[in-house]
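Here you go, one structure.
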Amino acid sequence: MKITTRPTVILLSLSLAAALTGCSEQAAGGGDSAAAGGCKPADVKLVGQVRNESNPYEASWLTGGDEFAKTVGLTQQRLTYGGDSTKQQEQISQLLAGDTTCLVMNVLPNGDSDTAAIVKGADTAGAYLVTQWNKPADLKPADYKTWISHITYNGVESGRQIGDALATAIGGQGGIIALQGVLDTAAAKDRFAGLQESLKKNPGVELLDQQTANFSRAEARTVTQTLLTKHGDKVKGIWTANDDMALGALEALQQAGRAGQVAVVGIDAVPDAVKAVQDGSMTATVSSDGTWQGGIGLAIGFCVATGKLAVKDLPAANRAFFAEQFLVTKENAADFAQPKTNPSDFECGNVFKRVAGALT
Amino acid sequence: MFAVLSPRFRSIENVQNMVDAAAVLAVVTCGITFVLLMGSIDLSAAGVMGASALTVSLLVANNRNDNDLGLLGIGVAVLLGCAFGCLSGLALVLLKVPSFMATLGVSAVGLGVATLMFAGVQPNISDAMLKGWAIERFLGLSYLTWIAATCVLVGWLLQRYTRLGRYAFAIGGAEEVLALSGVRVKPYKVAVFAVAGAFYGLAGVMVTSQLGAGLVQAGSGYDFSAITAAVVGGTLLTGGRGGVLHSAVGVLLVVVLTNGLVQIGVSPYWQGGVEGLIVVAAVAAAVIPQRRRNQVVK
Amino acid sequence: MSVPASTPALEVRGLVKHYPGVKALDGVDLVVRQHEVLGLVGENGAGKSTLLKALVGLVVPDAGEIRVRGEAVKLRSVVDAADHGIGMVFQEQSLVPNLTAAENILLGGEGPGVRRGVYRWDAMRRLAQEQLDKIGSNIDPLVRTDALSFADRQMVEIAKVLRIEQRSQHPPVIVLDEPTSVLESKEIETLFAQIRRLREFASVVFVSHRLDEVLEVCDRVAVLRNGQSVGEVAAAGAVPRELHRMMIGSTGSDDHYHENAAAVVESGQPRLAVRGLSGTSFQDVNLDVAAGEIVAIVGVHGSGREDVCRALFGAEPVTAGEIWMDGKKIDISGTRAACAAGIGYVPAERKTEGMVGPMSVAENMTLAKQRARCAGPFVAPGKQATVVDRWIDRLSIRTPGRDTPIQRLSGGNQQKVVLARWLVGGDIRLLLLDHPTRGLDIGARSEVYRLMRELAASGVATVLLADSLEEAIGMADRILVMNDGRVVSEVGCPAGGKPSPLDLVKEMV
Amino acid sequence: MPLIALLALVVALAIADPGFLTQRSLTAVARTAAPLIVLAAAATLIVLCGGIDLSIAAVASLSTVLLALWLPHLGGLATPAVILAAASIGAVQGVAHVLLRIPSFIVTLGGMSILSAIALVVSGAGTVRVVDDSTVKWLELYVGGYVPMSFVMALVVVALIALMLKLTPLRSWISATGYSESAARLAGTPVDLVKIGAFVVSGAGAGFAAIMLVSRQFSGGPTMADNLLLPAVAAIVVGGTAITGGHGSVWRSLAGALVVTLLRVGLPIVGVPSAYEQILYGVVIVIAVTLTLDWSKVSIIK
């Protein structure tokens, strides 16, 4: 214990000294903004960041990113943060502490709350950034120089689309249960809002119960099991906020011996869900095309970094937009069975082709 | 209490449902109980279950490769769990890392191995037997429940009738005495962790059967739930007290609690909180009768 | 293989063991004959425990040899020693509390009780019963050990040690390390009967601090001093004083209990007055202790005297009763309140309750009276050094320094530090001493007694739970006898008018 | 010893990616480590008392929500108010642990769930944005242009706790409680108060960590800090503080927190794929504990 006094004193005096020498807003040596976009293609560094590789949808992101990187002769640095907001921030700030002049990031923020910090960090460091899915409404790419775009999907619409599909499947009459996603996400809230819109349109459909299963297959199975016992045969359909939960619900139905009698809908169009739609055990899902998402963010950033697009020329509608999404039903499921990328989607002239409307 | 609040709660169906829902947790808790009896702790369930879930789903008939090993694949997955347990145990006895950290490390390794095997595409199982475990019923209960019941029985026999079980008990009671009596404690510690690992391995297989697919997150949350269940059942964290049957009761309590909350329609926001409160209350109630002024509580 | 009866069962020649800075064993010789009870005595630090550990393979000696029935052996572990027929009953009871007696007896060598790792409970029971029968104990082998009384547990230990007979085909050598230190007198009698029985088929090494006991039960007594053998005496006809002289190297004081230093008891208002104190294991206890007075409470195991003592210190719940100090009623809600009231407590379990082993002498000494080393709310290192050094000096505590962890000190010195803890504050009015000399050798005991006398002389009131009746009689001015949670009688015990132990025993049972 | 582990790790990372050893990169590590340091250092006291606090992350998460909610109304007062609230949460848990005699593991395990639920309800299960972050912005400054203010504050917290222990009898009381609670109690140590105090400090630390998180992320979220629990406990143990109590120090936790932070952010940045990253994390943590544990002070390892 003898050693403790000295470092303590040194530290306290250091911090005092520091207070006297004054503070600055940012770390020295950072932030040489390169919004001009004069990078050589070979100098561009591509980074894709998602929660984890152990989920098919996000894994397809990284695949898409890799495929795009291949078309321009680069490799993508794959980052995963295991659904841990703090870890995501830590990775980003570490990344931004390196060479940021030609850095292009395609980021899936863990939640709305995480976006602001990522954006501010990238803006200060002058790194090109495309974010997807999560963003607080009052944070706008238009206010920043290197935050090129924010891409998201109209959750209300997808929630309503599958809600309607579900209503049709059960003949517009009967009880359904809903499994919500992680409650602290815009996606979960929007999708549920969509379901409520759909319920208004279909007065015959009654929402018996709603619980969260946190976007997780395992939790969805347990919750469904419980709700099935609680409501018994009144349950005609199950609305879930993503496909993982839909698949969990399917397992629960199978175990309850009610497979095929209850309609299930989900969102994301992961391969298993598409297959389930194909063989009829699921009614519908919505595809946002994960591989495209993984590639497009990098493509937009690459085009701006190499000067083929200029941020200031982009129309407001392209800075924050809903991307096109597709309702997958038995009829068109075959088209979505194998996720594939189309290199032409990633050409600089085409990167904004799927804009389905400005984000309001 | 829940029975009063929700008539559905009492239904036979719901009882079946609850018992079925307890299956996986019961197996995990069985394993963790042995470790807790020694006075150690085990946080590796999540990682080990993830690794075994992926292993089994890649070894039985699935959509990723042409393997169709059936029971053999299940055996390999259980053995893998066993090996991870060994790893925890070896880190504890050879490197002298406290079990808390050793198992946390092994859990991370397990998740890493699972992610490696996952390789971006979810392996769905098509093995009829394994899928059947979750669906087929015998006397109204799913096969998984019977497997869990067997595990509890095996666990109890292990604890009551084998040297391993009795020594695990004794290590929690007075480890130094064992050494003075000429018992080499270390191999038993490793063996106990290995047995626990095997239970987690089996639990991973069971989750795979339930979900029809191998998930890296197959075991997430089970580590703390199992400790909670064991403690609610009366197994002490300090070791030497409690046992598999205590833990089985704890599992039922925890499952009834979760199920009951959903049944009476408690808002999902509050559920976790109410569970936490009841766990604390359960332990507090258990402690009150033996409360003495000078007892040490850590 | 038969061994001539004249060959010693165990022979130790020139055993040497160094520890950093200490020569624990410095050429010890020891002979244990067949079917003999050998006493082994020596002050703390004389090397007894190191020697015993060497005998059972817990310590590997640096030089010298150990011969078992004439054959030189190397003992590397307890198992090694057991294979050669040497076993030990440890001072701190070494049973696993949550296992059955049978399991404890057979621990580590279940033999046919466990086949391929699977327990045969009936066989376990039978095997354990065989061991228990040998010592004539009627304990149920399948009862959990923590449900047994202290004495029964000791029986289990002996039964456990006797199992080494099966390992070697010879009469075993049983080492009993301080077996009597926590037993009541009646239990001791039972134990001695066991030891005499053991002699029929084994050799026994009996280690104790109580020289009268050693002489009573042993055939021969070997004395250790400073890691060397300093002599042997035949027990028959020897007197404790002779042994004592050999142990400390000179004739011990005749006045073991320093009776001539007994304080003058102040009459008038008592320092401590207890009225109708009741708790879970005692009822309606009344007790007066005057300043300068030493009051001993005696009673058998379960008489409730330990709990009364702890209750006075706020460490045991009280259901009724009043406690007055110097005429003021005080409320003892916890140990903090007791400390503040000037009460100090020396627990019986020194290692687990008395001291904090890994912490320094200085920290242990100032633990209760932080003010003694503080200036305002802060620790003043200079003040601490002065205070601690002064008490180290005054109580002649042998320690390398005040910053040495207390666990590195010998038992006697540890106990002095624990006592000093209550003295550094200078505000002590009542001392509760729960077996303050347990596990201490004669020299250390004597110093503790002297200290008690000095404190009494300075006006401190003392409640003593003595280690033996003899000690109670020797030290106390007055003795209360407790039986089944009640004070059944009070015996005056002035210097020159001491009651006989027999009288007290009659009241106790 | 923890310092050796720290140095070894820095060297290994620098070899894997020479760009890692730049000043900017290290600055980022320091900034990242700050909340973890505070969490770990404050919770160290409970570990020293022989207990464990599993609720620190949940307290921190709840605190971020409270801070974000209170900033518009209380302004500058929100910071002390949040720390006070977090400290009182700690106090409640401490009192429950001491009075109800429930093991700290259970109390804080329950506390973790309860506080998470409260955070969800209070925040409406959503993120609470901080629009005007001027009052917490000072934590995002850089002292002398190089050292992040949050890191400096973390060091100050560690130093303050260390000084408090060093200069007052608290150190003796805490160690005695951790090594042998019954001995401490029988020496009149205010064991209960010491434990409650440790919980209060732990809570306050979690509150302060929350302020750092909010200043970094411009928002509060009901699950924001949840994933810091195991890293914080790992930091304490990697630092070499005995999980059984008694032996250790907050300085060790500081070193431990830096080791854990380097592992968390260093491995992916130098290009280790995520699967191997987890495996390496597990292995390195175990090795680090092996290096830092002082075996002479701990007899039986559970």
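The chains carry the letters A, B, C and D, assigned in the order they are written, with residues numbered from 1 in each.
Here is the rule we use: a contact is a pair of C-beta atoms (placed from the backbone, for glycine too) under 8 Å apart; a residue touches a chain by one contact, two chains touch by 3 or more.
Since we're looking at a predicted model, the values are computed, not measured.
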Contact-graph separation of chain A and chain C, given in steps at minimum: 2
Of B-C and A-B, pair with higher C-beta contact tally: A-B
Most distant chain from chain B, judged by the mean position of its C-alpha atoms: C
Inter-chain centre distance, chain A versus chain B - centres from mean C-alpha coordinates, in Å: 33
Inter-chain centre distance, chain C versus chain D - centres from mean C-alpha coordinates, in Å: 44
Inter-centroid spacing, chain D versus chain A (mean Cα positions, whole Å): 30
Two or more partner chains touched - positions in chain B: 115, 176, 269, 294
Multi-chain contact sites of chain A, meaning residues that touch two or more partners: 52-53, 183
Residues of chain D whose C-beta touches two or more other chains: 120, 125, 166, 171, 182, 185-186, 274-275
Chain pairs in mutual contact under the definition given at the outset: A-B, A-D, B-C, B-D, C-D
Chain A residues touching chain D - in the complex, by the definition given at the top: 1, 3-5, 7-8, 11-12, 15, 18-19, 21-30, 52-53, 77-80, 82-87, 89-91, 93-99, 111-114, 116-117, 120, 136, 138, 183-184, 189
For the chain B and chain A complex, residues of the former touching the latter: 6, 8, 11, 13-14, 17, 20-21, 114-115, 118, 120-122, 124, 134-135, 142, 207, 210-213, 215-218, 220, 259, 262-263, 265, 268-269
Interface residues, chain B side, partner chain C - complex: 160-164, 166, 169-170, 172-174, 176-183, 240-241, 292-294
Contacting residues of chain D [partner chain B, same complex]: 50-51, 96-97, 100-107, 109-118, 120-121, 125, 181-182, 185-186, 230, 233-234, 237-238, 243-245, 274-283, 285-287, 289-290, 293, 295, 299-302
In the complex with chain D, residue positions of chain B that touch it: 38-41, 47, 91-92, 95-102, 104-113, 115-116, 175-176, 224, 227-228, 231, 237, 239, 269-277, 279-280, 283-284, 287, 291, 294-298
